[in-house]
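Here subunit A shows up in two complexes: once beside subunit B, once beside subunit C.
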Partner chain A sequence: MPENQNPNPEAGLPIGKNRAGKISKYHIPHFVAPLDETPLQGVDAVKETGKPLSMWGEAWRSLRKRPLFIVSVILIVSVLVVAAFPSLFSSTDPTYCALENSNEGSRAGHPMGFNFQGCDVYARVIHGTRASLMVGVFTTLFVVILGGAIGALAGFYGGWLDIILARLGDIFFALPLILGAIIVMQLPAFRENRSVWTVIITLSIFGWPQVARITRGAVLEARNADFVKASRALGISRFNSLVRHVIPNAMAPVIVVATVNLGIYIVAESTLSFLGLGLPPDVMSWGNDIAAAQNQLRNNPMMLMWPALFLSLTVLSFIMLGDAVRDALDPKTRKGN
Partner chain B sequence: MLSFTFKRFLQLIPVFFGATLLVYFLVFATPGDPITALSGGKPMTPAVEASLRAQYNLDQPFWIQYGLYLKNLVTLDLGMSFSGQEVRDLLIRAFPVTARLAVMALAIEAVFGILFGVIAGMRKGKWFDSTVLFASLIVIAVPTFVLGFVLQYVVGVELGWAKPTVSGGATWGELILPATVLGLVSLAYVLRLTRTSIIENKQADYVRTATAKGLSRGRVVNVHILRNSLIPVVTFLGADLGSLMGGAIVTEGIFNVPGVGSLLFSAIRKGEIPTVVAVVGVLVVVFVLANLIVDMLYALLDPRIRYA
Partner chain C sequence: MVQNADPKPLLEIKDLAITFSTPDGPVNAVRNANLTVMPGETVAIVGESGSGKSTTALAAIGLLPGNGEVSAGQILFDGEDISKASEKRFVELRGNHIGMVPQDPMSNLNPVWKIGFQVKETLKANGLAGNNPKQRVAQVLSDAGLPDAATRANQYPHEFSGGMRQRALIAIGLACRPRLLIADEPTSALDVTVQQQILDHLDTMTSELGTAVLLITHDLGLAAERAEKVIVMYKGQVVESGPALELLRNPQHPYTKRLINSAPSLAAQRGDKHELAVDQVAAQKTEPLLKISNLTKVFDIRRGFGRKDKFTAVDKVSFEIPKGTTTAVVGESGSGKSTIAQMVLNLLDATSGDIVFDGQAIGKLSERDLFKYRRRVQPIFQDPYGSLDPMYSIFRTIEEPLRIHGIGNQASREKKVKELLDQVSMPASTMHRFPNELSGGQRQRIAIARALALKPEMIVCDEAVSALDVLVQAQVLELLDELQRELGLTYLFITHDLAVVREIADNVCVMEHGQMVEQGTVDEIFENAKSDYTRNLLAAIPGASLI
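So, the complex of A and B:
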């Protein structure tokens, strides 16, 4: 390609010398990179037929090379499998407890030993996965649906709706998550029907304002983008433009926060259970088992350690996943592109 | 500045009323009778029930009930605990202890969080950064009460460096361990926030200008980068007061600190609903006021907000 040829025939020679090897009169005292170091690319070389990668496609390309992402996904998938099919991983009955085994150490077939009541700790950890994970997953789901809808409506329509919804969010925000959850779990209606679902509802009541705030900010940003104006100019209705153009483009920060929060909700459930206000005692969960272990800490610290370890690993993997997705979606922090 | 403060104060009013209304509504107006809950579901004579209803103003219409609750909250007339003590007296005794604990926790998380965050941010990608970042993830992932139990057991019982539980006096020295546990999770957040903020700001044009005009590295970092990076951190620290109070319930329960948190902790365990509502009401007021103070600090740090 002729346009790629070096326009300066002098370049490439030792600095300050001309073709004859003599000191040039245009002597340059500092180094200048030869011009042909970065050849211009021909316009024809750019492939125009290929489909450009979407934001998520770009993110995926950067994500799949990250060890942090791979590790957290493997951990999350295994935890999900354990939650779905606990009996695949433990054939011991977690509700079979013999007091003769109380606080016994590990032995063949019972790798994590026994708790104070003589139940197998490993079986309880495996069977407790489902309740803890359900709280995290469903709370996140409800919070994203509720907070996302409220935030999107407030940000997109603005005006009075925005003011009212923002103040409503402020009111719930003024109650810290644990404090608010304590009050709600105290209510007679909740106290008497304690189950996984009451914990999920309680955490959702106080979790949505955060997601609403983030969605509102993201929607405000996307609302004024040119492609949204273009879609309106083409005659699409306001609501359709919100659903089809604004929301898909405002999803990224919400997904990141939701992933991280999923872990936080699992911790919140265990804290509530520790306070005696979370899941009912007959539900097997990591939080309940940790709470039950607190009195036996000096006799049998492993009774606390194993459920705590599983809980922390699960929470850690969700936080790491959220971090990795955030970095991948943000081109400024994306590495090696 | 004055008009900004005034405007923020006006915005707080609906939040204050809304939050207290929410607490009150949740406790006294949802299905299920609080009086039967009070008696533990056991039958009681109509006279006792009527007097209890009158005591908690449950014989009045809802809006009057709420107004009376608000009046009691503002005048700190918080009623009696089950053991016949004034909740106000219990709170007055417990509040200084929790305030001390919270101030220590805030100080620990601010000092170490910002220090480690700055070092990690300035050396992004180096071993210190990776180590500190991973450690902060672990701290976030482990529930506070597990951290509390482990530190209490290791530092308090096994090593004997600190007393595992706190005495009635709750001196500053005794509170170091509980305050560390309380502040640890937030420390991780402060660290990560500072680090992100530093990384963003150290590429700013004004930092390049400051370096280019020959300022020392210390001055560039401390004055130009750090001050601009602190704005989101300060907001977080203020909002964190709320989660510190939530966390104090757990921490004070574990270390037997005689503060507001353990007051709440034992009230929950005993099912003393009036005490729980009163204490949470006061905490909400404190939290809302703390947010106001943070907003003002925010305006002091960032002139763009003041004059907007």
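So, the complex of A and C:
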């Protein structure tokens, strides 16, 4: 870098001579538009028609017209209903297994056939929804609360707090989710109390740094806005201005990432269960069913296909929802503009 | 010297209409626009934001955004209709026939490439790089007034000041010696003195090269000073056009009249001032409300590895503001004026010196006294898009200060919000709207209402009208003036625009590089400035010599 980095080349230049206006060589007609064609309107009149719309209201208006949003919401709502009331969809007892039905194909009342143990595949898929979805929803909830709080504090207060929290996040970020989860699930405390909650806790431990990073970035942007300065000048404490003004304005990217991640956590649970480390075998879940189907892949491929199909559809619908919400909240990424 | 046999115009726009397709249906951005640019002459298009002035110019260089198109009329460049020309034809025209200087010097240079490379790119694209491109690049840059051009070509944009970047952009625009240069608000982001030097240089260059210039600006004074012909646009239509000086001295269309009356640069020269200045003498006898003495702020600039540099942003500044008057602090960017505002608002701590408000030193206030002080001093900030929380409805925004300070109950607060909206001339129904539905001027009025909610004694306006169109600016200034008369408010008015100062202030402090250069009453400063710095600032106000 040269040494004379910032001399001011503007200083000391002669000040202009030709500022008295210029006269054209040519004749220029003086044109005035007829007043009736160009009526004068009030300066800066306030629009009083139309319904007032908040930012969320506007996002909702643009969302509800998007096919991607409509399809994903229909899918997600159906999955939620299935998870909440599985008995509405299947009257067969998924734990009633008769070995005589082992690997039987579909027949009346049992549309997806039977697995190796002779249990009804359809009933298992329906009843397995709850565990998978619980892992996704609660992990996302914990990750957003923990990661959001840490990221917001780090971004807003900065300084040493930021450095310590950011390094802490980096340590967890450096471990791949699945690898880290495999190790944690092997700890005695987790191995001996395996349940849906141990899986949720494990995934949350490795999931929060991503949300923390995104929240930190969004908070950094929002905290320098004039309205935050104005709120401080109104007499609000720093912490209150973080809670009332900064965090609400930093939510949009966090919501988008959380929605997409919900799907990813469901996949992670299935992967762990598939490896025999996730949910205990007595809990019905898509991951456990896929794991059980692995041995029978040649004899009965459908046994693997059905839970895998439901898993993919659910994950896909959350990712699609995330995409649609991102487009609605961030006009910059909208196509065609 | 009027010649009867006019030669062929270089650019002729006939009955141009431009339509944008939006999700809410087509929008006519420009209608029935006519203009001609003769070879070698400067034509200025003047208008407020949204008037269609930039859109018209962009159509002439084929750079309309994807959803816009020329829906009627012709754009004749040297006799050829280019309104429906192919992209290929425009690529041929751009650069060596039509050049462009964009508006924002901060975002229009690519930060990852050296300045020289970006100039060379333009030359190469038009086959003008020649055998020794390096030398050619240095030549082009030094033509644009960049000293030591060969060395500077090896620097990156972040090593350039705003004025130097604008020079680099002008160099790129003129590198291929186009016959028409479109300059879209080329100096709006710069300080007035830098603006003047750059426009002077642009004038000299274009007259040497014989380049015609289509200058787009919001400043009528600037247009009149730099162009032979001025075109005034309003809501997508040309309302008036004619010889620059005649149009300025003898406007016909009511909109042009309104513009000329509101433009601070012109009003300042006429010596317009607000009525309050009359009781200025009386006001000065009262006790000062705010007293600043030897105020200093030193920032530590981190250089890495624990090394720090000291930067003195404000250096031993002292002034007083008498109750009920307006004191303007004027200076160019980097003069430390906003730092003073932040210290007065107690958002920044002073390094040394005192700020005494109504007999109380504010640096040493307890938590409780500070809370009380907040009620008495309120800010209005520059950026109308950043000063209101987009998540809060207008009602919540204005109600917030009342709630924080525990004033009234739900019903009385609602009544108070309606009163405040009325005070800033906004209909009560605005209450339920959100900031994204309001224009810049309207948002600024909401910010004023929020500041007034606590019945403060002093308001700190940090560039409060700088981002607004002239008409809206005049309206907000008038509102501030009215409120001062009604409520006896005291203003600390921070601005870079001396022209605005003349309209609003009683006393003026001029700052340069953190130091107070000069202070006095408005008349003293405007009529009898003592320092060269102030005189240069005054002379640089566009349109200064025209009325």
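The criterion applied here is as follows: the second predicted complex is superposed on the first by the 282 of 337 C-alpha atoms of A that agree within 3 Å, B and C clash if a C-alpha of one lies under 4 Å from a C-alpha of the other, contacts with A are read in each partner's own complex, and residues count from 1 in each chain.
Everything that follows uses one rule, which is that a contact is a pair of C-beta atoms (placed from the backbone, for glycine too) under 8 Å apart; a residue touches a chain by one contact, two chains touch by 3 or more.
This structure is a prediction, so every number in the text was calculated from the model and none was measured.
Peer 1: Just checking: does A:Glu58 make contact with subunit B only, subunit C only, both, or neither of them? Give me first, second, both or neither.
Peer 2: In the superposition, A:Glu58 contacts subunit C only.
Peer 1: Which of the two partners, first being subunit B and second being subunit C, lies in contact with A:His245: first, second, both, or neither?
Peer 2: second
Peer 1: Determine, under the contact definition given at the top, whether A:Pro301 touches first (subunit B), second (subunit C), both, or neither.
Peer 2: A:Pro301: touches subunit B, not subunit C.
Peer 1: Is A:Phe274 touching anything from subunit B or subunit C once the two structures are fitted on A? First, second, both or neither.
Peer 2: first
Peer 1: May I ask you to decide whether A:Asp170 touches subunit B, subunit C, both, or neither, giving the answer as first, second, both or neither?
Peer 2: Only subunit B is touched by A:Asp170; subunit C is not.
Peer 1: Looking at A:Pro111, would you say it contacts subunit B, subunit C, both, or neither? Reply first, second, both or neither.
Peer 2: After superposing on A, A:Pro111 lies clear of both subunit B and subunit C.
Peer 1: Which chain makes contact with more of the residues of subunit A, subunit B or else subunit C?
Peer 2: C
Peer 1: Contact residues on subunit A for subunit B in the complex?
Peer 2: Those residues of subunit A that touch subunit B are 167-168, 170-172, 174-179, 182-184, 186-189, 191-192, 263, 267, 270-271, 274-277, 290, 294, 297-298, 301, 304, 308, 311-313, 315-316, 319-320, 323.
Peer 1: Considering the complex alone, what residue numbers of subunit B touch subunit A?
Peer 2: Subunit B reaches subunit A through residues 14-16, 18-19, 22-23, 26-27, 30-34, 36-37, 137-138, 140-146, 149, 153, 157, 242-243, 245-247, 249-250, 253, 264-265, 268-269, 271, 273, 276-277, 280, 283-284, 287-288, 291.
Peer 1: Would you pull the subunit A residues touching subunit C in the complex into a rising list?
Peer 2: Those in contact with subunit C are residues 1-2, 4-6, 8-10, 13-33, 35, 37-38, 40-41, 43-44, 46-48, 52-55, 57-58, 225-227, 229-236, 245, 248-249, 336-337.
Peer 1: Applying the document's contact rule, which stretches of subunit C touch subunit A when the two form their complex?
Peer 2: 1-4, 6, 32, 34, 38, 41-42, 65-67, 145-148, 151, 155, 159, 161, 163-164, 193-194, 196-201, 203, 224-229, 234-235, 237-247, 252-255, 258, 345, 347, 370-371, 374-375, 377-379, 381-383, 386-391, 393, 400-401, 404-405, 426-427, 429-430, 432-434, 436-439, 441-442, 447, 450, 454, 471-472, 475, 536, 539-540, 544-546
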